[in-house]
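Same chain, two partners: subunit A is paired with subunit B first, then with subunit C.
== the complex of A and B ==
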């Protein structure tokens, strides 16, 4: 099937790094991620192309099965994942940390939208940090509604 | 006109659906966050297209503005049908929506959008998987029936063997006694009829024996051996077998064969069984028809333009096949006959045999009667694919491809079986012109060429190959009388060797090994 979910795992001592590629949907299979005996799991969403409500449902069911004392970190969440996090309760488990995510910024000079990787700590009081184009120095415009886009940070740890 | 105030703004933001407030002209007055998420449009894009919602949502086969006008006219809540929409801001991703217009304060309309894409996708998947389950279940039931049939067949074949042996023995005894009595009997004509009948019984016993052997082979899934045969010969053999049925038919049925085709590589017994099944059905169809005669079964054997496939067409003058029967005709247990007259397995098994030969069996529309076509790969294609699969993938090093061109199917079958034991990939051809086409496209390591062939003799054949600058080693094969042809062509056309007929396996393998070794040395 095209863009079927692919999961790559890398274990470093008690830390499991899980890279996700493809689509999270009704066909996704998280069976290879059950019975994980680690203290920390980092989910890297950089390779995710699409996520729908069925996939979100399956994800929530999977996440709830991870032992409560396992620390969960989400990193490199693309905009489509952020949108789902903002809409659906339970996508980020209580106590989970969003380490980094992509935010849309618009360059008027180039007339194009650039996805910029931000760290959660870069966002203060739901305000998009100032980002300049690396080539031209142009100050890029945040291309979404800040209050809506950064809402997820309220669900995450330490906010 | 009353403008939307902040409170209403907040309420719309809490909706889970995408929502818009449209003005009198259909322009976007307000949109909620979910509309932005649904359309993958940032506020910047939406603001640019406030007056042109169709730049954000591209409808196919739906006039949004007309629909909006009719919503304004009716001044009631109005729902659209399910719509397919593409999103230009998201690589024209397609989604399925339902629109709902609700009149608000004078001049404003609330447009809520229900995204049903996932629901539709899951519904389609559910339907497809349910259909697949139904088909799989039906196949399991059929397979179960066939397993039972297989077990029954095994028992029947076992039980038949003993009485058959007794019957055969007694037939031979009758034959011998008739020979002894032949001088004493006055009525020679009756004696001759009895002797002919005894011979027919013997042939039938042999046939039953062959069928039992074949069934046992089929049941034990042992190797499905194939040999080179001319289809016309197989048809003639099948027609001989059904002579009794033809004689007993109340109608005069003429069988005509027209053949222009060449050889195939087949399991003769199985293909003969297919042909017998089809001919029997044709005879039954003619016996049942009320159409006036003359009645005939026309058999045409031909090949495709590119000569890759060999066809046989069996056309009878019966009533033909009803449209309602066509789809299920080759299904196991389908029969138009009364209980006890036909199991309905003949055609299903016939189709299976043809498919196993990488061919097929199907109907052709014909207003005059039933027209069934069987297709089989020609000898060259079949021998190459069978042997390439068997030997070509088996070794790490490249397998040696040997092609033989000879119009005698027995020679080709002999070479096929001898070379097969050595792991060579063998391609057999009965016609030089077909062989030339294959050599152009395929790398052949050794050629075995019969000196005397129709269309092209070995000299003409080799001249053609050498004109392409192909240095393929060529061995002439023929009787000792034609050795002179080899000697004439040896230096002129660089013929490597001569293999005298009849030859045995050791001689053939030795010659090929010598040629291969020589070629390898020259390359190094």
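== the complex of A and C ==
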């Protein structure tokens, strides 16, 4: 099937780094990520193309099976994943950390929306950090509704 | 058809702002016969703005006429779902924005002259439309990817493809799942349909919007299912507590959230067509700020 979920794992001592590619949907299988004796799991979502409603439900059921004392970190969440997290509760398990995510910024000079990778700690009180175009120095305008887009940070640990 | 539209008059009672009424009167110039009338009794269609004074009282009175009511809403989606779709059983909610009058005019033409069915009814005459039939559920993703790639989406913010993918996936997957007589069929299973019962996906692009439709030959959806599904998801914001082989109950909610306009055409036990429209926008912010319109047309 096109865009079937591909899971790449790398274990560094008690830290498992998981890179996800393709679609998260009803055909996704997270079995290889269960029953792993690690203290930290980092999920890198950079390669995720699409996540549908069954994918969201299955993801929630999957992370509920991860032992409670395992630290979960989400990294490089694409805009589409952030949208789903904001729309459906439970995608981020309580206590999990969002390390980084993409956010839309608008360049008036280029008349286009640029997806910028932000660190969670850069967002203070649901305000988008100032971002400049690396080539032109233009100050880009955050291109979503801040209270809505950054709502997911309230679900994550201490953010 | 254009001449018929000019000759035949739709008697409209419009309860809202004077400037809106004046704009509606201009539909005549676009080939839609309109006559603004002063009472519910003389009207064939009633248009109510959510900003109108005495909105609740007028709405109650309008509903009792059993005439077609179009709501022009400036309220957020959550308000529209709770107060219009649920409490007032509204079937035509038009979000106020830059495309309000275009949408209302298209609705009137569909409802009183041209009929509901077809993606072309929501698009302008310059639209380019591509279509594909699918008989195998595992071909859904490849099919919509192929269709999306037919279009130059340069006029849009840079991620409409992401949302079109989800909309197409949710609608087509649901269509395949519900095509089965047996609800015990697992969601992950390959489902094959006959050529006659194939699922049809269409994508059309005109100068101002992109529309995606999914049509089945089943007709299992109805007004109650649509509004209860969207309402439950809005309230609970979580999937149904179902096993992996079932649906998550979030599909329509997601499609609603990612659409600027969502249209359901239903002939019960026969066919369903769901059309999602995204307005042309270079700004993602404008896409998210747009109040979602919803139209539910049940025939028969």
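The rule is short, and it goes like this: the second predicted complex is superposed on the first by the 159 of 159 C-alpha atoms of A that agree within 3 Å, B and C clash if a C-alpha of one lies under 4 Å from a C-alpha of the other, contacts with A are read in each partner's own complex, and residues count from 1 in each chain.
Just so we're on the same page, a contact is a pair of C-beta atoms (placed from the backbone, for glycine too) under 8 Å apart; a residue touches a chain by one contact, two chains touch by 3 or more.
None of the values given here were measured: they were computed from a predicted structure.
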Q. Quick one: subunit B and subunit C on subunit A, clash or fit?
A. clash
Q. Now for A:61: first (subunit B), second (subunit C), both, or neither, which partner does it touch?
A. second
Q. Who contacts more of subunit A, subunit B or subunit C?
A. C
Q.
According to the stated criteria, A:53 is in contact with first (subunit B), second (subunit C), both, or neither; which is it?
A. both
Q: Name the contact category of A:117: first (subunit B only), second (subunit C only), both, or neither.
A: neither
(Q) With both complexes superposed on chain A, which partner does A:143 reach: first (subunit B), second (subunit C), both or neither? (A) both
Q: Considering only touches as defined above, state whether A:126 meets subunit B (first), subunit C (second), both or neither.
A: neither
(Q) Quick check for you: in the superposed arrangement, does A:26 touch first (subunit B), second (subunit C), both or neither? (A) both
Q) Which holds for A:38: it touches subunit B only (first), subunit C only (second), both, or neither? A) neither
Q: Could you tell me if A:87 is touching subunit B, subunit C, both of them or neither one (first, second, both, neither)?
A: both
Q) Touching A:73 in the superposition: subunit B (first), subunit C (second), both, neither? A) neither
Q) Looking at subunit A, which of its residues have contacts with both subunit B and subunit C? A) 26, 52-54, 83, 87, 104, 106, 113, 143-145, 148
(Q) Which residues of subunit A touch subunit C once you look at their complex with the stated criterion? (A) 1-3, 23, 25-27, 49-54, 56-58, 60-61, 78-80, 83-84, 87-90, 104, 106, 111-115, 143-145, 148
Q: Could you please specify the touching residues of subunit C with respect to subunit A in the complex?
A: 138, 141-142, 145, 157-159, 162-163, 165-166, 169-170, 173, 187-188, 237-240, 242, 244, 247-251, 253-254, 257-258, 282-285, 288-289
Q: Quick one: which bits of subunit A touch subunit B in the complex? Just the residue numbers, please.
A: 26, 52-54, 83, 87, 104, 106, 113, 141, 143-145, 148
Q: Could you pull out which subunit B residues touch subunit A in their complex?
A: 16, 33-34, 36-37, 42-44, 118, 121-122, 125
